[in-house]
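Following are the structures in question.
The same subunit A turns up in both complexes below, where it pairs with subunit B and then with subunit C.
Our next item is the complex of A and B:
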């Protein structure tokens, strides 16, 4: 901060550089926008694909909303009703689950490629932070949506998830140690996961989170269009293509191919078929928890280490990772793309290994 | 004997000749290593023969190879009804595609004078064998359905047994004749590869994909005439062609939209259930509502009464716990201890809150299935290396006889009071208690 400049001026300068009002016009944001062409250009499609899957989620989610009933006695049955009786219901529901997984996959891929391409450089710091928040929001969508079918694995996994939140309390000092407990009570709504929890998760999943997502994604897209694509490589190529109509047309044709694939996948392979029936049976509050309770695949990278390593270590690592992710634009300000690429490869390697081989590693460590 | 010749000797011979014969021919006669295309001689009917044939056969051969190379993955995919249906339908369609192509190619080869001039006996034999092979394939698909599923248990292990030099005929000895004929003529075709134009399958011009583009210059004046004529059509009819294309696309979009709208409408219109389905659904709904009502009743009962009935003492088992819901509305379970007194302990795992299993193992422990913690039912203590660190809380209980008289009780701290002789408690009912104030 320069001497004599007030905090207010600093903040307003910062914001006006990130959201330059003089650029907020069709000409600048669409007509004149260029997309650089180089061998990392494919990275520019990952964000669009995430957006595409989000749109599929919104549409199929609206479809499901017509039949789903968020009460403990009816939830499971209404999902079954959609699957069995409603015309195209099974397809819509499958698309919703498959597309949810795809959305999370591409959101993570988008984060990794943007990191490797150093897309968070000034003036795109806020774009990055909005993106990171969007990713967390997407995970929350996954967590809240998982409970809604109200089957054994859903309720039990949610119980474990919420209990893990509470376990954080032990490691917090003083009055803060009660915070996770209060948080859990707030989300759970009653002594154990029940009707209140279902109602809360439903409200979060279909109203609150979508609203938050809408706001964040508007800011994210606005800043992407304002600042254009980041150049992505150290030696910028002279080649580039116009965003409109060329890049957007390519984006749309990719979307149509992906939609076809999603349709085939959802039609042929029910997402449920990866789980044994006992886990898909309606939740039974009086019975034992069935074996094989685990979260969705996109939480494996957190879940298996949690099973194998001491809790405080995971807590520390997760906290650090979140902080690093949020402050990336400042931490890696001076890092070269080569180093960023290496970090990305290592991080991706960890994610892939934990997701694909997590279970085997767990059984190796704890026979 | 004949089976050994056809399914062991012939395959080895065919593979051997195919590999070494092809290498010999490619090395010694490189100029003949091609499809010997007759496109220059006749190209009109070739399009209608060659294109469907190649699209069909390439798809089918790739699918056969995929099933052969990754039988596990293939079988897993075929376990889904829809995938199997699509595969079978696509396979049959491609087979028919092949057959149509072959018939056109066959007629062309026989009827065109210019083609006749370059046709050898080997060409005719190959054409005949291919047709027979495709007919056997279609026959198998129609008469012995779901080959995509059963082949991984028959033909695939048979071929692998050949590759691993442990030929095993038992996989295919009981197959229908149609399928056997399909296998034999496949070996014959492989045998003929080095002697026929079939060898062109090894000359797939994959490098075309990566080499720089080349400009083909034609020396034939007739070609220029044809090109000029084509351009003229383009110039004069451009507008008409554009409108035709536009109308086509619009019509296609309209049809697609109508189809999609129809399905979307059906979704929102909702299912019209038969009376039987409706009844079943109603019953199921009532059943679930009843379960919820029961749960609510339990809650109410826990609000208002000091004791909650668990079960009669005589119904408790030392090895299999009886689940109950405690005053905190969390699961608990009751056993009969060695001393004849009941044991009531929480079933909510102290690690992450899963419900602990109710079967006691030989060491007197119960298992939480989520993260494998064993708890001693007497003390509630977890085993030393379990993820759960705290013991399962032992709950207080009361034994009340049929007359409603309190006979014995245990506080949550473990003090047992009252008459605990087995004679006096055997007809009692077990209750859990709200507070420790309940004492004899």
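Our next item is the complex of A and C:
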């Protein structure tokens, strides 16, 4: 902040640089927008694919809303009804679950490629932060949606998740230590995971989170369109292509192919077939917890380390990772793209190993 | 003489007791040998719902368990217990699900009990004809894979993929055609907008 400059003026300058309203016209945002062509150009498609899967989520989710009943007595039955008796119900539900996983996969890939391409450089800091918040929001969508079928794995995994939230309180100082407990009580709504929890998760999943997502994604996309595509590589490339119509053509063609692949997956492999069937049985509050309860695959990178290492260590690492992600534009301001690429490769390696081999590693460490 | 009669009687009594124990045992247990075999072979968790109505097995008062049966169902259960050979089975066992009853109808209770020590043989005895959930994977294969033989949405993912790909090939071909036509239409629409905006600009310059 320069001497004599008020805080308001500083904030105002910062925001006007990040949201240059003079660029807010069709000519600048569409007609004159160029997309650099280089060996990392494929990274520019990952954001679009995430958006595409979000649109599939919205459409299929709306269809599911017609039949799904958010009550503990009827939730599981209504999901079974959708699967077995509604015309195209199984296909729609499978598209919803498959595209949820795909959306999270591409959101993570988009974050990693954006990091490697240094797409967070000034004036795109806020674009990056909105993106990180969108990724967290996507994970929350996954967590809240997991409970809705009200089967054994859904309820028991949610219980474990909420217990983990409460356990964080032990490591926080003073009044802050009560915050996780309050959060758990708020989301759980009663002594154990029950009707109140289902109602609240449902409200979060279909109303509150979509509203938050709509706001954040609007800001993220607006900021992307205002600033154009980031350079992506150290040496400015001479080759570029017009966003309109050439990049949009390619994007649409890719979306078509991906839609077909999604359709094949949803038609041919019911998502539930990856789970042992006792975990898909309706939740029985009086029964014992079945073996094999674990979260969705996209939480494995956090879940298996939690099972193997002390809680405080994972909490510390997660807290640090979140802070680093949010402050990336400032922490890695002077870092070269080569170094960023190396960090990305290491982070990707960790995510892939934990997701694919996490269970085997866990059994090796704790036989 | 007395001694001989006594021996004969004790043999009969012993046989009767053994049969009763066998029958009562078979009704009350869910044969964990089969469950253990499936879990070991498939690497997946399974429960008594492989063959029984209730996932917690036949004993208890919950739905599908012996304690919840009506008089008529109990009579049905006893008749099913007594049927050692498949042809002796008149009605389904009320504590078994469709797969459980299908197994007993196909191979009979005697053979089922005989193969407790060799559970892999059960798949062979069942053959490949029966597919109760009509998902394209035979019940015997679902038994080996540890998947739900009564749920068409549950099976070994790759096997389901191949079966469904073949089953829905015409649906998928039509979907592919529709998607590509839509893509072609959108591409031309965007091209139209692009050309129109270019022509508009050219007109303005003139």
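Remarks
The rule is simple: the second predicted complex is superposed on the first by the 367 of 367 C-alpha atoms of A that agree within 3 Å, B and C clash if a C-alpha of one lies under 4 Å from a C-alpha of the other, contacts with A are read in each partner's own complex, and residues count from 1 in each chain.
Convention: a contact is a pair of C-beta atoms (placed from the backbone, for glycine too) under 8 Å apart; a residue touches a chain by one contact, two chains touch by 3 or more.
Everything numeric in this text was worked out from a predicted model, so none of it was measured.
Under the clash rule set out above, the superposition-derived model of subunit A with subunit B and subunit C contains a clash between the two partners. When the two complexes are overlaid, the chain among subunit B and subunit C that reaches more residues of subunit A is B.
Legend: residue contacts after superposition of the two complexes on their common chain; A:39 is shown touching neither subunit B nor subunit C.
In the overlay built on the shared chain, the residue A:235 is in contact with neither subunit B nor subunit C. In the superposition on chain A, contact is made by A:268 with both subunit B and subunit C.
In the superposed model, A:191 lies in contact with subunit B only, and not with subunit C.
Judged by the touch definition given at the top, the superposed model places A:287 against both subunit B and subunit C. Once the complexes are superposed on chain A, the part of subunit B occupying the same space as subunit C corresponds, among 80-88, 98-106, 278-286 or 350-358, to 80-88. Under the contact criterion defined above, the residues of subunit A that touch both subunit B in one complex and subunit C in the other are 267-270, 273, 287, 290-292.
Put simply, subunit A touches subunit C in their complex at residues 31, 83, 90, 244-245, 248-249, 252-253, 256, 259-260, 263-264, 267-270, 272-274, 276-281, 287, 290-292.
Residue ranges on subunit B touching subunit A, taken from their complex, read 80, 82-83, 86, 263-264, 266-271, 273, 277, 281, 284-285, 288-289, 291-292, 295, 323, 325, 328-331, 347, 351-358, 368-372, 387.
Those residues of subunit A whose C-beta lies close enough to touch subunit B in the complex are 63, 66, 71-74, 76-77, 81, 85-89, 92, 156, 159-160, 162-164, 167, 190-192, 267-270, 273, 282, 285-293, 307, 366.
Residues 44-47, 49, 55-56, 146-148, 151, 153-157, 160-161, 164-165, 168, 171-172, 175-176, 179-180, 182-183, 186-187, 190-191, 193-194, 197 of subunit C are the ones that touch subunit A when the two sit in their complex.
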